[in-house]
């Protein structure tokens, strides 16, 4: 998961064998979890409405596979776009913040505001201003994912090692040079860390945004589907949808990891 | 703050008056240092570990704010007590702001191109040797910045000078300790600086390389007549590479010795001459005397 | 339906007008009349191109009207009073449902026979709803633990001590489908009975385009009349708009339940009518419940019946 | 904000003067924001229930000050306890993860699950299992704040510098010694970074949890109050509540910063 | 994997056979090294920067896996090719798992207490000098671990030996370069190790301190007769502190020279004797010959 920061960059570390082991381990845990779940349902004789058995959930998933696929795809798209926007915007804000301590201190409380404001509470306002659009869902989701990026990247940009600071001063680096040559590379591991957190938040954000935004017929993500199923107390289908949302989270999380390994590896090495 | 009265004489490169540095912990690393370095002079600083050599070098470079006294550098900024929080983004006192501006402007203009070989290599871990060495060429606001190919060529030449050509594409974590220091030396030399500050540059190197690089330095000096301040533990090295030797002890300059051998061309047999032996002994004795208990008492 | 033909004839040469109706919740039987008139082309024949904007959680009905993104909306009468108290010029022009379907659902084995027996129960409710203030004021909620409503009746399955806020046109069926015997306690019987499924518009709209309002009202009344007779076509449209939250069965059940609520007297003529007495009563009640300030809302501003009577 | 990582530990850095400047800057930004907001309302002639003027919000805040104070206090308490629990639990999980690569890989997807599952969807289940209690709100909130801690601390624990690894191997350190002497100190800056993100999430989490968990009698936080006000379209009071929630976020955020400065300073210095 | 045939002779401390290390980048840092160190022997490794000294030391310490050959240490583990991914938590090949276990068990038992002075100080930045020096005493599974006060006293004694008493409470970032190295040396000496590996320990120190610490090492050696391998660039130091000098070049040991002066008590005038001069010249020449172009050709 987080080994890039500590492991030597041996090309054979991530061998196929190891990946196979990982997959096996994950499946083993899943198997244990599913059996445990089933036992709980059976032992306590829980009604389906409260907690369906894994098998019932699987059936529901199969029955609603097209809906899950379609809406899952839409939600994934919302989450991905939002994460991307959050990285860009958050990175930009952080760069601004890194340029002036005063600016940072003056504006940081307002970034905390974005983080603290319950999206559930401002979603209606967003809808009023921006309408029942994909755009609105993205804005809401970006608000949710922004803070981890800003917090981490700002910290990264202001964590330049003192020896590098000296170097920059010696050679009269301009702000811009300082930023590109040292600050941004220093911030990369922090960005990756933040983007990982945001990748999960993006999925949850997209779903919550959809609770509010996708009432219209033309835009129907997992969140909208889940609201409907909840109203009909279709607990089994609801749980299938939850499983899909987790899958989306893992996809985004894995994507962030993969991209960072492919393109940012050299910045992740601690020497 | 650059009051006219502070102007340096034409021939003076550095002038410290009562320069004092007390670190936050309470350690007095520099204790009322008075020092002047002439343009084009080669000065060596020797002294026991922890006596303040690195601190003095950083003060001269403008990296270390003073807690007392003044230190001026020709074409550079003025360090004085009060300009304490140089790395802070928020400066509240007007005088501080000005001091800082003067400093950074000076850094930008680089009216005197300065290079510093730090005691630790301080390479950028995400850049290979070539990129690290190219760095100083690509920084600053110089109008006449060389093209990318020129920069690359100059960097490769500097890398060749420190015999790292084979490792030019390696990253710092793939280098040995000595190789890192050599990359750091190449980075300092690549700009052909007019002012060179060297903090134990050769400590991690073998004698052969040390001599070769020493010769390289002298050769560059004959061409460019840069001003240089060299910190070293190696008295022989100090004698071979400098015109004047300042002996430090516990934050003070306890002795300044003019080097009688400085004009000679460096040749390997220099060390075997009797003048060398005599002067070596003098420096050595000064150092030991400074460290002896009674002297220590006078500094404590 | 004869009247519809006449009106459509009057406006035949006018260009088609686009109007949007904002619903206050996910599409359901409460919006049946509107869907009916869209589905069977009633609006279209009157020269209106009606677009239905479904609602959902926390739908900003009044702001949608104020912003002019929708010209009409469906909401409850008590909301109209609240909106007006907040300074939004929202006016009711037609009320489809005379008796409010609001009810409290309890399990048959809970021992609760009427709303007087609620004490000791846990009530899942949406905080801030006006009927709660009413029940509270009248002392029905003494010793009742009020907790948030989860948009589902699942909690009742495990705990007979739980009561859930509901609409009599929807949740009872869901409970039945889950094999749960429930009792439906109507709040309207206690004297809290605002109109429901109220068609509202803005004061500006009434002043500037009264003919559109009139057409809209007439079309909607006609739609409701049709829906209460044969809801199949509209139900299909509703299901289409809310396929995850609705089922055909639920809609059929809801439409059936709707008939006595929309026509307590059983007469078609009653559909859509409003009386100033009931509006006045509602406003008085809400002032009494301290939901709105005295004098901030006047009952006569809340509604107009001018579009319910045939044009002179 | 994040200067501990880069600045020298001068005792006079955080001088009173600087704090005054910061406060001034924050207030200045607030003033600009409030004036802008007021102008927008006036220029576009927005109705009060769409966007009240700042003054109306202030009035509403004053009018409902007791409610805001009481419920804000409850929410702050929920958020604080949850953040604390999240740090303990997340730290524990991370320590487990740091001990075995296999364990880490096998279980990490399930931690992502916690992060991705919309609390809105599982809150009803939680309530059924745990009741309308403070406890339930804490559980829901912990679920929300856990991931940033686990993600960051795990990364920190596995980011031991190779020179320190060598040292530990040379002197035959046991797992436990390795953990206490090197891994945990290395992870501290990562923990602080994660706790900062979680401090904001804790407030939003507590509010969202209260949407589902509050019971009218003894546990009614900001979330519950906001639901009621939203239902009555009291936009002005709602915005006052949002302001309070931001305040709570800032308090927690500041608390994390303060604590880390007081007790963890030595671990935050990059040398 | 600890097959009986691999057992070392009683008097052998380290035995490397064809030990080869090729780094991921493709650099061959050690090229079929054959080396044996006797119990209680003082060995010095000299050679130009980047020739593989640090790598060899790390192999001996068990920190660097081999890509070819074997290296055994008495009482310690066996390094052999195949035990490549020592820091990985997941090892798939059975043989790898075993190798690793053997290694770590050996480390835990510490049948031979080993200390390593790394080329970089490698201090824990969050601990002050005293805590850093106490660290090795508090690690491992030793039953007879000293009490906290004993540990503190031993650490303070070691700190005193490297003349850091005044700085015992300072944190690494408050130390000068030489002081960091001294703290690192104190940390290595505090356990009174039976096997001492030193990677250019005195490079950052002045001559006076260097001599004092050298004398300290010899004194300790007379008492404890530990085995030691010292990497240095300073030929004089190698002569004063070792019994045998191995000259390395480009990953190979090109020459092993027995030190004729090793038995003598170290005194300051040793350097002025003619035997010293002669042996110094021999080592020096060997080094230079190794680096000369024709030799270079034979290694390339």
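Per-chain residue numbering starts at 1, and chain names A, B, C, D and E are given in the order in which the chains are listed.
We take it that contacts are C-beta pairs under 8 Å (C-beta built on N, C-alpha and C of every residue); 3 or more make two chains touch, one makes a residue touch a chain.
If you're wondering where the values come from, they're calculated on a predicted model, not measured in any experiment.
Between subunit C and subunit E, the least number of touching-chain steps is 2. Listed here as common contacts of subunit C and subunit D: A.
Mean C-alpha positions place subunit B and subunit C at a centre distance of 83 Å.
Separating the centre of subunit B from that of subunit D, both taken as means of CA atoms, is a distance of 47 Å.
Residue positions 8, 21, 50, 101-102, 104, 124, 128, 211, 230, 270-271 of subunit D are each in touch with at least two other chains. The residues of subunit C that reach two or more other chains are 58, 60, 63, 67, 150, 152, 154, 158, listed in rising order.
Among all residues of subunit B, those that touch two or more other chains are 87-88, 90, 120.
Looking at the complex, you find that subunit E touches subunit B at residues 23, 25, 27, 46-50, 53-54, 119-120, 167, 170, 174-179, 182, 199-200, 203-210, 233-235, 284, 287-288, 291.
Touching subunit A in their complex are the following residues of subunit B: 58, 61-63, 87-90, 104, 107-110, 114-116, 118, 120, 122, 124-126, 135-136, 138-141, 171-173, 191. Interface residues of subunit D, counted against subunit C in their complex, comprise 46-50, 123-124, 127-128, 132, 211-217, 224, 227-235.
Partner subunit A is touched in their complex by these residues of subunit D: 1-3, 5-6, 8, 21-22, 25-26, 28-29, 33, 50-51, 97, 101-110, 112-113, 115-122, 124-125, 128, 147-148, 151-152, 154-155, 158-162, 190, 193-194, 196-197, 200-201, 203-204, 207-208, 211, 223, 226, 230, 238, 241-242, 245-246, 248-250, 253, 270-271. On subunit A, the positions that touch subunit B within their shared complex are 99-102, 104-105, 163-174, 177, 181-182, 185, 188, 266-267, 269-271.
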